[in-house]
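The same chain A turns up in both complexes below, where it pairs with chain B and then with chain C.
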Partner chain A sequence: MSIAISNIVKTFGGFTALKGVSLEVEAGELVALLGPSGCGKTTLLRIIAGLDAADSGTILFDGEDATRRHVGERQVGFVFQHYALFRHMTVFENIAFGLRVRPRAQRPAEKEIQRKVHDLLSLVQLDWLAQRYPAQLSGGQRQRIALARALAVEPKVLLLDEPFGALDAKVRKDLRRWLRRLHDELHVTSVFVTHDQEEALEVADRIVVLNQGQIEQIGTPDEVYDHPATPFVYQFLGDVNLFHGRVHEDQAHIGEAELKARGQLNAGASATIFYVRPHELEVLRRPDGSQAVRAWVRDVRRVGSVIRLQLERLDGHGTLEAEMPRERYEDEVHAVQKGEQVFVRPKNMRVFSEHHHGSGVKD
Partner chain B sequence: MTALAHKKYSVIPGFSLAIGFTVLYLSLIVLIPLSATFLKSLSLGSEHFWEAVTSPRVLASYRLSFGASLLAAAINVVFGLLVAWVLVRYRFPGKRLVDALVDLPFALPTAVAGIALAAVYSRNGWIGHSLEAFGIKVAYTPLGVLVALTFIGLPFVVRTVQPILEDFDGELEEAAASLGASRLQTFLRVIFPSLWPALLTGFTLAFARAVGEYGSVIFIAGNRPMVSEITPLLIITKLEQYDYAGATAIAVSMLVISFTLLLVINGLQWWSHSRRSASASSGGHEPVVDKPGFARAHARPNPAAPIAERP
Partner chain C sequence: MAASVAVPRPRFNGKTHPPARVDTEPLWVRWLLTGLALAFLTGFLLIPLATVFSLAFSKGIAAYFDALTEPMAFAAIKLTLLVAAIAVPLNLIFGIAAAWAIAKFEFSGKSVLITLIDLPFSVSPVVSGLIYVLLFGLQGWLGPWLAAHDIQIIFAVPGIVLATIFVTFPFVARELIPLMQAQGTEEEEAALVLGASGLQTVWRVTLPNIKWGLLYGVILCNARAMGEFGAVSVVSGHIRGLTNTLPLHVEILYNEYNSAAAFAVASLLAFLALLTLAAKSFLEWRLKEQFTTQQQENPS
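Up next is the complex of A and B:
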């Protein structure tokens, strides 16, 4: 089922949680609502589900107006961050709940319920837990049961509110890959909320980046990562170094360094902020013309297979963070140590004009 | 040092001191007076004892005392839940006042409550007068006893259910609604099972209080033998006649019946609890209700109170 959301506004007292959000979700898509806490992503999800009502705006399911439809009639499956399993019921009864509460005429026979619940249990790979109680399960198992319970009513839309937020890092990674595979099998239109950009980039077909009740950008993971529309999106999707400088005749001036800039930059010597990801910073042992910023190494951190360098600019314009694979650190940077001096050159940087139209600057 | 080394290490010290004090205290306050009652009643001899506790007038008083207490507790479960529900779920002007009002039956001297009830429900009282028109007599009938016992039992149910209801996870209701359950189904299948242990506790407390109640009942009951005479009153009557052995005999029989009933209710509670969470050691995020306790009934509805523990 496709979802068309237009101009949703929602206020809580004096606080405007959603400021006119419009969004289209195509049938069979897996969409991530990504944003920091308080950006309105959960509110939007709850409005789609019918758990909250919008102040204004409309929601169409397959072209039909569902704005005033009750949550029980929307045919949505909702998965909560904290699972919301019924703790006095066994896993089996939890999953069967949605079938048992149907009006008598539509209620499947007991045999049919048994079959269906067991099918769902094998789908989430937990058939051996049918007679357990939620309190006896691990977090990851509980979330899979919650998902099976939501799927039992054959929802047209699956909505997941930070489904992996309460799980530890390892389980979280396993589970989100599993969710992606499950979605590829079932093709049910799904929207999930997350504040974890890695999760969104890995799982979703499309990402909707929200900030302060507004959509910043909608796009595929590659689009939002490689072509962020706004400084917010750029900063939210990964670590970032900021360089204050000027653009003058296709040259980017950062402090004493001068970099050749390609692409369309606004002419004139306007002050600009250049955005550079830590892995796009080249660290050199020796000077390379005037095209580098000088810095000294404050700290060297090994995080698994990558090395993170904390650098302090010699011209006093703050700190930088550079990231590189271990091999490159050892071969090209000669395992530079704390206190040594290096030359830093952005390999790729991004400039956002006043109107937030991003453009790349390549060296 | 070697003696200490044999002791099992515990972070909380003073177990032996604590248990020693507990046993001593319970003995002084509860066990010794109770044993004295038993001993005193023994002086009657089995034949006289049996006669004393099974005379028709005494049997009628048992029926009234236990029957009315059970019924009053049951009524309080229904309406106490309703009051707690309204106090927790809705906002309305004067809510704090209503909340405070619930505690009134706790605080009021029982005799005052009794006189007030008798005045209101008697033939020329406000309510008694109106009910008289329908041919319903409350004061000086078993119905009056029921009214008094319901009055004094209400706070027990409200105050046990209220914190559980406050801690109830709203997401469970939303989950049920999203799965297509109606409001009634959500209440019966999701909310009620979580409340039921607390309701049972409230029922037990209200019942226990009602069985022992004296002051508020005697004014409204009329105390007609075989009709509206409660067992505690019979005990007083015997005492006034200097029949100490007879009084204690009835007291003992009452004690035994009460104890048995409470044991049954506790068993029910234990059974429902063990069924609910099986061998759940690590809980979810909902409150767990276990055994009844007086401290709980008096606890103000405070989410931080130890009533609802969040593991």
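Up next is the complex of A and C:
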């Protein structure tokens, strides 16, 4: 089922949670709503589910107006962050709930319910837990049962509110890959909310980046990562270094350094901010013409197979962070140590057009 | 909740030491305090309780059962059961409704409602009885109208029921509000998304989740409904065989220097109290278990 959301506005008292959000989700898609806490992503999800009502705006399911449709009639499955399993029911009864509460005429026979629940339990690979109670399960197991319960009513749309938010890192990673595989099998239109950019980049077909109740960008994981539309998206999807400088005749001037402008520098822009990811900073032991910024090494940190360098610019314009694989650190940078001097050259820079400056840019 | 906390200690000389004791008071202080508490308990609870039963049987077992089966006593027992049978179910419904509204919804005037629910606890029972006399009594606001329509509330069973409902109102609601607030609304939302109707949600999700707390509230409510003296005394009129509840009957017998009979009837109430206590302890244990599993489910 496709979802078309247009101009959704929602306020809580004096606080505007959603400022006119429009979004289309195609049938069979897995879409991530990504943003920091308080950006309105969960509110949007609850409005799609019918758990909250929008102040204005419309929601169409398959082209039909569902804005005023009751939550029980929307045929959605909802997975809560804290699972919300019925604590006094066994796992079996939890999953069977959606079938048992149907009006008598539509209620499947007991045998059919049994079969269906066991099918779902094997789908989430937990068939041996049927007679346990939620309190006896681990977090990851509970979330898979919650998913099975949501799928029992054969929803047209699956909505997941920070489904892995309460789990520890390892379980989280396993479960999100499993969710992706499950989605590839079932092809049910799914929307999930997350504040974890890695989760969104890994799992989703498309990502909707939200900030302060507005959509910043919609695109595939590659699009939003490689071509962020706004400084906010750029910063939210990964670490970032900022360089204040100016562009002049296709040359970027940063402090004393002059850099050949590669990438998309708008010619003619004067004072500007360059955005560079830590892994796009090249660290050199020797100067390379005038094309590098001088800095000294404040700290070297190993994070598994990756080396992170904390650098302080010699011209006093703040600190930088560079990141590189261990091999390159040892071969090309000759394992530079704390206190030594290096030359830093951005391999790739981004500039955002003037009207975005200052919006969400940390300096 | 745990009274003692195991503190890990550093190892010395490769030997492990037992965790440090938290209760560091000397032995005699602990014995003294425990002894004081026990003496207090004996003096104020156990001896009176024993006295009730020993005086009840002071004229023999036959006299004891005579006192209970005598028509006036029997009428008092019947009336007490009737009043509890009306007041407790009504307060069960009021209590669930009020707790549901307060715990699951946000609305203005919520704190006023909570204060109102607590009101019967803070008002003297005699005053609450008096309120009904002023409202429904012959000289009261509604008295003339009621008299004109031949409806008697004061000095009759309806007045006793009303006064009892008033004084027992907070028990169920007070017990349920914190429990329902701790449980939140997510399970109900999950039920609604799965297609359950409002009634199905209450019946299959909300009520099973609160059943132990509810039973606890009902038992306390029932104990108070059967034992209430002050408010009922004001509205009852003490008509023997008609408007006398058990506590009022005890008073009448005692005032007539018929102390063996008075204590025999009182022993019934004491027995009810002991039953209530046992049921309460059992439910407290169940509730505690429920709360711990809840905390395991939502560690945040």
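Going forward, the second predicted complex is superposed on the first by the 346 of 363 C-alpha atoms of A that agree within 3 Å, B and C clash if a C-alpha of one lies under 4 Å from a C-alpha of the other, contacts with A are read in each partner's own complex, and residues count from 1 in each chain.
Basically, a residue touches a chain if its C-beta (ideal position, glycine included) is under 8 Å from a C-beta of that chain, and two chains touch if they have at least 3 such contacts.
As the structure is a prediction and not an experimental result, all values here were calculated from the model.
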Consider chain A as the common anchor and indicate whether chain B and chain C clash or fit when overlaid. clash
Once chain A of both complexes is superposed, is A:7 in touch with chain B (first), chain C (second), both, or neither? neither
After the superposition on A, what does A:319 contact: first (chain B), second (chain C), both or neither? neither
Once the two structures are fitted together, what part of chain A is touched by chain B and by chain C alike? 49-51, 71-73, 76-78, 80, 82-88, 97-98, 101-102, 134-135, 149-150, 152-153
Where on chain A does chain B make contact in their complex? 49-51, 70-73, 76-78, 80, 82-88, 97-98, 101-102, 132-136, 149-150, 152-153
In the complex formed with chain A, which residues of chain C make contact? 186-187, 189-197, 200, 204-205, 208-209, 293-294, 296-298, 300
Touching chain A in the complex: which residues of chain B? 169, 171-172, 174-182, 185, 189-190, 193-194, 276-286
In the complex of these two chains, what residues of chain A are touching chain C? 49-51, 71-73, 76-78, 80, 82-89, 97-98, 101-102, 134-135, 149-150, 152-153, 166
